[in-house]
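Multiple structures are listed underneath, in structure tokens.
Both of the next two complexes hold chain A, though its partner changes from chain B to chain C.
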Partner chain A sequence: MANEARTISKRDVAGWLAALMRRAEVIAPVAAHGGDVAFAAISSPEQVVFDFQNSLHPPKQFVLPQTDPLVVIRRNGNGIELEPVRDAHPRVIFNLRSCDARSLAFLYRMHASDLPDGAYLARAENVTLVSLACTVPCELGFCTCCDAGPFLKEGTDVQLTDLGEHLLAEPGTDKGLAMLSEAGDLFRPARPDEERRRLELEEAAKRAFGAETCHFASAMRRVSTGRVPEELWGTMSDWCLECGGCNFVCPTCYCFSVKDMKQDGSWVRCRTWDSCQYQAFTLEASGHNPRERRADRIKRRFFHKVSAQYYLRDGTVGCVGCGRCVRVCLGTTDMPAVVEAIRKGAWNG
Partner chain B sequence: MAPSENHPVSRGRLCARGWNAHEAPAWGDRLTRPLVRRGGRLEPTSWENALELARASLTTLIEAGKDVGVLGSARATNEENYLAVRLARGALRTGSVDSFLRATYQPLVDGIVAVANGRAPAGTLADVEASDFILVLEGDLANTHPQAAHAVIKAVKAGARLVTVGCARTQLARLAALHLPALPGERGFLVAGLVAAAVAEPEPAGSPERPLPGFEALRGSVAALPVSEQLRQVARWLAQATRAGILVGPDGGPPERLVREGTAIATLAAVTGHLGRPGSALLPLPARGNLRGACEMGVMPHLLPGTIPLTEATAGARLARVWGRAPASALGLTAAGMPGRVAGLVVHAEDVPAVAPTGQDVLEALGQTECLVVLDAFLTPTARAAHVVLPVASFAEGEGTITSLEGRVQRVRPAARPPGEARHGWRALSELSAALGLPFPYRSANDVLREIGEVVPAYAAVADGTRDEAWGTFTSPPSDDREPTLRPLAADRVVAALPAVLALEGVFDWGSDPLVSLSPTLCRDHVSRRKLYPQGLVQMSRRDADGLGVRHGWSVRLASAHGEVALPIVLCNELEPGVLLVPYAFRERVAGVLGGRSEVPVTAEKVQ
Partner chain C sequence: MDNLFLPRLARIALVRDETPDTKTFGLRFRDPVDQRDFRFLPGQFLELSVFGFGEAPFCFASSPTRPELVEVTVRRTGQLTDALHTLGPGDEVGLRGPCGNGFDLPSAQGKDLLFIGGGIGLPPLRGLIWNVLDERERFGRVTIMYGAKTPADLVYKDELQEWAARGDVELLVTVDRSNNGWTGNVGMVPTLFDKTELRPKTTLSYVCGPPVMIKFVVQDLLMRGFADDAIISTLERMMQCGVGKCNHCAIGHRYVCRDGPVFTFRQIKELVE
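What follows is the complex of A and B.
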């Protein structure tokens, strides 16, 4: 759909957003308390931020909330009545970065395969993604290593590129195409020089990452063939403070627990975010814990992220290179550091 | 739950308790209506009735000449703790006001202040992160103080030299250039040894240019202490460091010993030139969030708000002016002394069995209280034992300020409305005071903070500073720039008789704290441990276990001069041989063996 590219004047973006807000909840990066940028439902188009390094918290929470009600459980006479909770509210996630759009495609595939997850899919299928390509790489990102940016070829409904006075909008799906068509006169077909400019920006952005890559292939070979020394996991685990932050800000992490919340005579079964780095995450009812040592939990996390087994299943590593784990790690065991240690067979702290 | 990357301390990084902090207010057993005990059961009532019942009961007790007391909390805001003191010393006219965890922190601060002339605690975690030498007196900071451990880890990664002191090779000890083993209760003794090593150096680099007052007397007092090559090495590293960070984990020993330990630590910093040096930090770590704030607000039986002596006339007069009534200036009972001793007790935001040294056993003593008034957000075991329960906002709905271990006073903003009829803690405490005859002029938590600024000198500039969008403001640094005052050190070995020492691990059981026990994610570790070891456990090194011929899970009988107990063992390779540690959560199990001490010599034998 590359030939369907259109442009919108920045003066008209507020009008476009206002039109989107009439039909859907629009979630976008906004300026938050204390100078942060955070994704939130907007109440006016002026709130939307265009010039930002990616937010610490990914927009994952709008398809996979931290506390996600799944089923209401009620007593009914002598029986039990179950009522599924479905949230099919139309939403637009606007100005999300390329890596985050890729991560939502990853999460969708995960929840749609094998045993489809109705609660997740209801939310995700009613979300339209309008991503903003990254013309300037963020400080800690390594999306080029994960095929997740700085520009996208797939995985987003509409991709925006900042051309200065205008935004170039490329539909990536039929849903995106329809969204642009509905906006009518606000958009016009992109001129060839505008499309050329977009390609130049993409090349410049990629060059700005330099030749640096994070060596996933080498790490994958070692993890998948059991060539990471056991002691290395032990050494690394002394540099992890078991906060779970890497899981909570990771746009591709989806591990959860299930808990029942009591509410006025009924119970709501909720899915809640959990961390595979917490000791009790794999605790079994018998009291046995297959991953009692932190070293085993770190090993498990990175096996899931970069092993060939999961690559074959998911078609990608479990990382989009957003760099959030580097920003949030209370220790020093973030993705690039651990991948480097696996590749070198040694940990440098 | 979303931390901010612009917060100067966390910079977007939280510990597990932080990441899951939203759970307890949402999932916990919340109090939504005032409750009063009728016929042995707690029944809902109106605020008016509950306050009237509390007033009538407490007044009757006071008129009968019986003791009453107030417990504040490191879980409560500065405003609430200040109002708890006002309730005690103003409305109830008693000096019995305290919080349980104070005893693990304030004596260390008192010891440091005695040397540092008011310059303590000093520095920030950012200073620690930028240090080139760090001395950590543990505990196990990776578990108890992850943000402090983070600063240490970052510094070590950047090349800083780390030395740890403690009875276990903890996570931080494994990252250290050198670990100095110290038996439980002997941290202070080891630090005195470091002082002896430092003052024995001819002219250590970094030491003050001319001898500090009291130097010769100090040198004489430590001259007889044995100084190993390791101690000499560490003293040299510290003296040569450009910026040194000293972190002091909480300690559960007797207060006099903690004061001596604090004195030794500040002395070490002084003789190596780091006391008061910009960039160097000396930070005692509070066991729980707002412990420093609670102490500075005067939740202590022996000091007035602002850590001012009870006998200081100006401070007393200032309080009399703002309260419209002179404060009770009597030395009151400590927290540990109150249950079973006072007839009337008001407990604010504290679950007593979770923090009392006697653990669950304290519930029996609380049961003897004639009038127990509990203000809390949660239906804790303490609230279940109360005669009057007043529901207050949790931290998620509250307003006020808290003071960090660095002395940063930060505003708490409500993220939700208090549930049901719950009221803000500052208002509930004010109304209780008013019912008891001391009316209040506050319309908001900020009004209370403004009054705090009038009576606590260090908070004079805080009221305005926290109102803006910045991340809090520091309490005023003391203008005092006098030199440290060195004193002779009394270096006491605690445990003479071996082969084994039994002690408690830690000073606080997070698993019993409502913010953890009511969080489905955070409570799991603690619940599963209690399920696996319903009778408690004792941790032991493999060498000791081999010596006794016991394996993981087998039982040993521990006997001291005070009593004996049989406990299953958990192997802990981090422990020094000869050290037996019982988690603080199981302290009731070994109360008879410890006999009221924090550590005792024991013999251990296999249970046949």
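What follows is the complex of A and C.
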């Protein structure tokens, strides 16, 4: 589909967004408090920002809400009535960064594999991703280390590249192609010089990201074969404050608990985000806890993210190099720091 | 596509007190079609909903050869089990499952079977035991070893008598501490090994109980010549979803709820935490 690239004038983007908003909830980065950028459902095309460093929270919450209703439970006389919740509302996530698009592809594969998770898939299948390629590196990102940016070859429905006066739009899926076709005259086929420009921008962006900073392959060898000394996990875990921040801002983390929440006299059974870094995550009713020590929990997190066992299952490491854990971690047990420590066998907290 | 989290409704048909803190609940699906079509294996588990309190995993304590009621035996140990213990006949709960792999009974055909349960570890074996006893001619010798803290903590007291009275089952029961007129064995479960004759080469052993009991029993079995594949256990982990998604029960890249809960000792040794 690469040769079906099209171009839209920036003057026409508002019209395109308005058309998308008539068919779907459009979620996009918007200016938030204190100069931040955050993903939110927009009410007008003008809200969408194009020039931004990625948001603290990934757009994951629009596919996997922090509190995700699964089943409504009602009392009916002496009995109970159950109603499965199915959210198939059409949504467009617009201007998400390459790493975040890649993470949603990861989450989709996970929820579709083994026993398909119908509640998740109903929502995810009705989401169209329009990603914005990164022509300028962000401060903390390392997507080039995990094949998740700055430009994408797959994992997004439409990839936009900012060419200055115009946006280049490349469909990555049939859904993306259909979306561009529906926009009609707003788009015209891309000219060869525009396609060349896009390639130049990609090369320049890769150069600007510089050398790889997070060497997953060598960390993976050690993690997968249990060759990380237990004392090293212990030392690293001394720097973890168990805040769970790394989990909650991570675009690929999906661990959850299931709870009944009271709502208007009935209950809603919900999945709620949980953190493998919390002690109670593995606490059994008997009081036994197989991962009582923080060292065992941090080991678990990185086994799930970078082991070959999970790589074989998921087809990728569980990291898209967005750098959010670097930003939130109060104790520097973020992905690049831990990968570095595993690789060198020493921690420089 | 199905909502993996949608339970089926069931009514409590009977409640039996087992010990001061443990009850057995017999459940029947509200929809007769669910009741007719429900299939499970011993060793599998279900997610039991107590509405308003959530759900929790419990192994089937009943046998698929006796499909009239699905039974679970539950010790009162937290909010959900406290709430369950207040429910009685006619009250509605939810069932999701069966989850997990279950015991591989076809491969046990013709073998001698040794069941070793400790405390609340007998319920998962009870379903398997009744399945075996209902198809008794397919198996060799059947030995059941069971231990609890005190005589009052023994579950299924009537059935223990029933098994003891059968000529085709050897039952050995012990308690850690005896009291009021107990005339049986006193001592930890492994002390029962010297009270019977085992044939390790032709026997499959099924071990369920608290981690410390499993540890010592497995050591004993290995010492007595049981192969790693002939020692079969069920693992316990904190679980939420029961369908391999939530990650609470992960051990390495294995999931107790999907790859287990039944594992052979050989498989357990290969698990990397």
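Convention: the second predicted complex is superposed on the first by the 341 of 349 C-alpha atoms of A that agree within 3 Å, B and C clash if a C-alpha of one lies under 4 Å from a C-alpha of the other, contacts with A are read in each partner's own complex, and residues count from 1 in each chain.
FYI, contacts are C-beta pairs under 8 Å (C-beta built on N, C-alpha and C of every residue); 3 or more make two chains touch, one makes a residue touch a chain.
Keep in mind that what you see is a predicted model, and the values were worked out from it rather than measured.
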Overlay on chain A: chain C relative to chain B, clash or fit: fit
Touch count on chain A, higher of chain B and chain C: C
Vertex chain A, arms to chain B and chain C (CA centres, degrees, nearest 10): 80
Touched partner set for A:Asp274, first chain B, second chain C, both or neither: both
Partner chain in contact with A:Thr332 - chain B first, chain C second, else both or neither: first
First (chain B), second (chain C), both or neither touched by A:Ala119: second
Chain B versus chain C as contact partner of A:Thr67, first or second or both or neither: first
Which of chain B and chain C A:Arg86 touches, first, second, both or neither: second
Which superposed partner A:Gly244 touches (first chain B, second chain C, both, neither): first
Touched partner set for A:Gly349, first chain B, second chain C, both or neither: first
Touched partner set for A:Asp162, first chain B, second chain C, both or neither: neither
Partner chain in contact with A:Leu283 - chain B first, chain C second, else both or neither: both
Shortest CA-CA distance between chain B and chain C [superposed frame, angstrom]: 8
Contact residues of chain A, present in both the chain B and the chain C interface: 257, 259, 274, 283
Chain A partner contacts - residues on chain C that touch it in the complex: 1-7, 9, 30, 49, 51-56, 77-78, 81, 90, 92, 94, 210-211, 236-238, 240-241, 243-248, 250-253, 258, 272-273
Sites on chain A touched by chain C in the complex: 70-71, 73, 78-80, 82, 84-86, 110-111, 114-119, 121-122, 226, 254-260, 262, 267, 269, 271, 274, 276, 281-286, 288, 290-291, 296, 299-300, 303-304, 307, 309-310, 313
Contacting residues of chain B [partner chain A, same complex]: 1-7, 12-16, 18-20, 22-23, 26-27, 142, 146-147, 149-150, 153-154, 156-157, 171, 174-175, 469, 471, 520-521, 524-525, 528, 531-532
Interfacial residue positions of chain A with respect to chain B in the complex: 32-36, 38, 56-57, 66-67, 238-239, 241-245, 248, 257, 259, 261, 272, 274-275, 278-280, 283, 287, 327-332, 349
